[in-house]
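In what comes next, chain A is part of two complexes: it sits with chain B in the first one and with chain C in the second one.
Let's turn to the complex of A and B:
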């Protein structure tokens, strides 16, 4: 043995070890979903480039006309071009999805973190309250809040959906924060002199993101679905505000008159978007579980 | 007093559990650690030796008593290496963390320093960019030792630092501690249950039982002439290699 503090005795030391780039097989990427969702997103973002009619123009000479070379997806009972409405209204639907998911995530992170750090009695109280809210069917809460607000614009709707869909995520945040707070590396950081904010931004929040990412994505999809449900029921967006949900609100009449394109086309886009989002969310969840168990 | 780095007097700690029970983890513990000394706390699990270490570095609030630290920096090495490193930071980021938190040096000099300490504990430079999950428990423990060394503390609290390591690595870690003591005059509070290891490395030993420091003194003196019945029982329980038995094989 030499004076070197660490020397393996009896083993051939490896000289010139080159580290191969770390390659990991990350499961199967949901390529189809990502491409499809990407196309829908691009179409909605750059709706002006794709629309061939004014989506708000009431063409009274073409009421409920079936798909044709002029109106690719047909027109609705008010003479609006459905092809143009899909891209134009998709914006509103996606906006509601993103806004309400952002709102519910913010509430969940704050609520869950407070609950995890609070004394046991407060923690219990907060969690029981979350369960109480969860036990009420969310559609009921949404209808109630929507009635209280009394406005039917996208922002009001996003707020209502956001404040009714944070509970599950808050529970996950609470468990994660409790788990991470107990880790020795947090204690180690404290002994090095790290303050509250350092630990929050460097350790707690980055640790949370993988665990809640799939819920955030799922919440976007769920919010788009809820908007469509509410609009279909007539308590969401009014018919003159174009969104996938408000387009579907004409579906009941369309069934009786046999205007299938009124239901099938917005429905197809809605279902495709939701399936893609769910697929991506599932991939994120599996990836996160794999990482956690890959010790 | 100048040769004393840490003075602990009448340190007590009581834990209150949620169902109203109280546990006296430390009961009026007093001891001194001199500069450049390896002081060992031994005792069975639950005897309060880890709690003592955690009180010293400020992770637990003592119920009463006084702790006076005459040095500049104190660091702790935890027993559980796997949870002592953040799974999301690379080994290099973890070793640089204490320097980042205390804003010591420039970014490049921090990296230089981290690499230096990684080399010192026998880790490859490529470990700087790798995650703890790529390494074994022993390697992770060495990384967390490198992190504790990065601040160049004058007192290191080592809470069972080698309990999770295999025997050959144990010897390397211990000899690293002894080197540091010789080169930099670093003092150590070694918390351990391996009595023969403690005898080999420490200058002074304290024996704890149920939160009470029942005996302390120079290591050889305690091992050869234990005063307290508990110490006597502990020392008798050390397995002794038996040459007579060996010959039968």
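Let's turn to the complex of A and C:
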């Protein structure tokens, strides 16, 4: 029998009182994705250094030949070298991704800012319209616009994709602008006589960038995916314009003859790019959220 | 008491009418926009009707043809005519199929409902299961592996998944058919239909599942941080019971609205998958009519999709108001 009164009444001393530190899994740079994406980007930018054949040359003696020492990834049904086409066509795919993301970001920022600063009736109307556009499946709007424009060059396609993918971001911009406008430092700036444009460029835009950065990166990936889907379905870029999507649009014929290299190899490049972009986008989002909650 | 009931009924009727008006207005604006834009398009609608023989037509023949199809009048007159006919259920003829648009759609819409509907239900059932599983095992090895795989599958374009599956299961292994909705010549063969559905279904589920499962997982994890969960723990309930009996129930309203707003997303996915598998449905029709400038068809398809989406949104609102007792009490106006 011990003399400790606490143990007499049944209270035990706590053995381990230190709380194990919570492991922080976010905040780790997506190194693998960044290196892989960097390699693909460099390869496409300096395609001339990597290509060992002319990507546009129709080599009629080597139609649909399997991967070999001369044609590393094989050739397509028109006799073009797939290895060279991947680097060469990646330019178009990435260009479309960047252009349409830039366009949709511009639309979203302008639309969202207007909506946030306009009187309530206009704001309601604008948001209703955004919701209306959002409620139609985007593939349908894209098909429709593409049919209306009727041209199949990279710029037309980038415009169509950009015009149909701004709605989500516009909503975020609107909420952010409303939040920033109400904050006291804007009020302070205003009382010191700052003009509208000054506030826009010095306060609103810097405040917006972290909030929409994640969306911008995601949009680049989504646009590359949409380009590939559209070209594959035959309403995007024609086969003559080399891009990852238009390479895959020959898949129908390749399926019948079992030419797997034409489907698998460009697809792997496309998927690798998309996965890397998504990974980086997720990192940005987590990083951004973490900063917000630590304030 | 009677008066109160009357007022309540009136209020309900009024809001229902308002909703109806909003829906009709939206549809009207949608059809107007689509109609105008399609008529401004550079493509030649005569080509889709007459095919290559357009090239050989003389000017006079062209003019008669334009007049016969009503393409020579200003756009607003054309729209007025179209609207008057549409109000009577006549949506014009498809330039490509040379049949009534409603007839062509009537032949195919069931296939889309079959594919899209079963994909929709299966996706959400699986997403709920996966979400709950991941929430229960948060941060365990299984959860992290599922999360990684999910993120990767989520960003693969669905057409490529479809291609790979066709390559493996139809071309290499020859287990499953790669196109169509039923074996050629026997549309009533039930087993054949199911066999044709398997690959498109897998593609649709794979490309949408993780997006929703992840949302459900995060929503559940948010819910587990609430105080009542702590209370349940102190009462001695097991983690599983708390999650199933309390947390899952509490996220049901957001789950249902998620289901409703995801309809356009899954419908869009269905359209793409249909095209890849040459599955005779609305999606394939959409691509065909866009390719051949068959505007009457495209217009009706866009409107039809719009109607489905709007109805789904209304249904979600209605369910949300009625399924969650908390919403009922805080509703404006009439407290029960």
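Convention: the second predicted complex is superposed on the first by the 269 of 295 C-alpha atoms of A that agree within 3 Å, B and C clash if a C-alpha of one lies under 4 Å from a C-alpha of the other, contacts with A are read in each partner's own complex, and residues count from 1 in each chain.
One rule holds in what follows: a residue touches a chain if its C-beta (ideal position, glycine included) is under 8 Å from a C-beta of that chain, and two chains touch if they have at least 3 such contacts.
What you are looking at is a predicted structure, and each value in this text was computed from that prediction instead of being measured.
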Contacts of A:279 with chain B and chain C, given as first, second, both or neither: second
Contacts of A:288 with chain B and chain C, given as first, second, both or neither: neither
Which of chain B and chain C A:187 touches, first, second, both or neither: first
Contact breadth on chain A, by residue count: chain C or chain B: C
First, second, both or neither for A:207, with chain B first and chain C second: first
Which superposed partner A:198 touches (first chain B, second chain C, both, neither): first
Touching partner for A:132 - first (chain B), second (chain C), both, neither: second
Chain B versus chain C as contact partner of A:152, first or second or both or neither: neither
Intersection of chain A interface sets (partners chain B, chain C): none
Residue ranges of chain A in contact with chain C within the complex: 132, 134-140, 143-144, 146-150, 221, 225, 228-229, 232-235, 248, 251, 255, 258, 260, 263-264, 267, 270-271, 274-275, 277-279, 282
Residue ranges of chain B in contact with chain A within the complex: 18, 57-59, 74-76, 78, 80, 82-86, 88, 94, 97-98, 101-102, 120-122, 124, 126, 130, 133-134, 142, 144, 147, 151, 168, 172, 175-176, 179
Parts of chain C lying in touch with chain A, wherever the complex brings them together: 26, 29-30, 34, 37-38, 40-43, 151-152, 154-160, 163-164, 166-167, 170-172, 178, 264-265, 267-268, 271-272, 275-276, 286-287, 290-291, 293, 298, 301-302, 305-306, 309-310, 313
In the complex with chain B, residue positions of chain A that touch it: 5-9, 17, 19, 22, 120, 183-185, 187-194, 198, 203, 206-207, 294-295
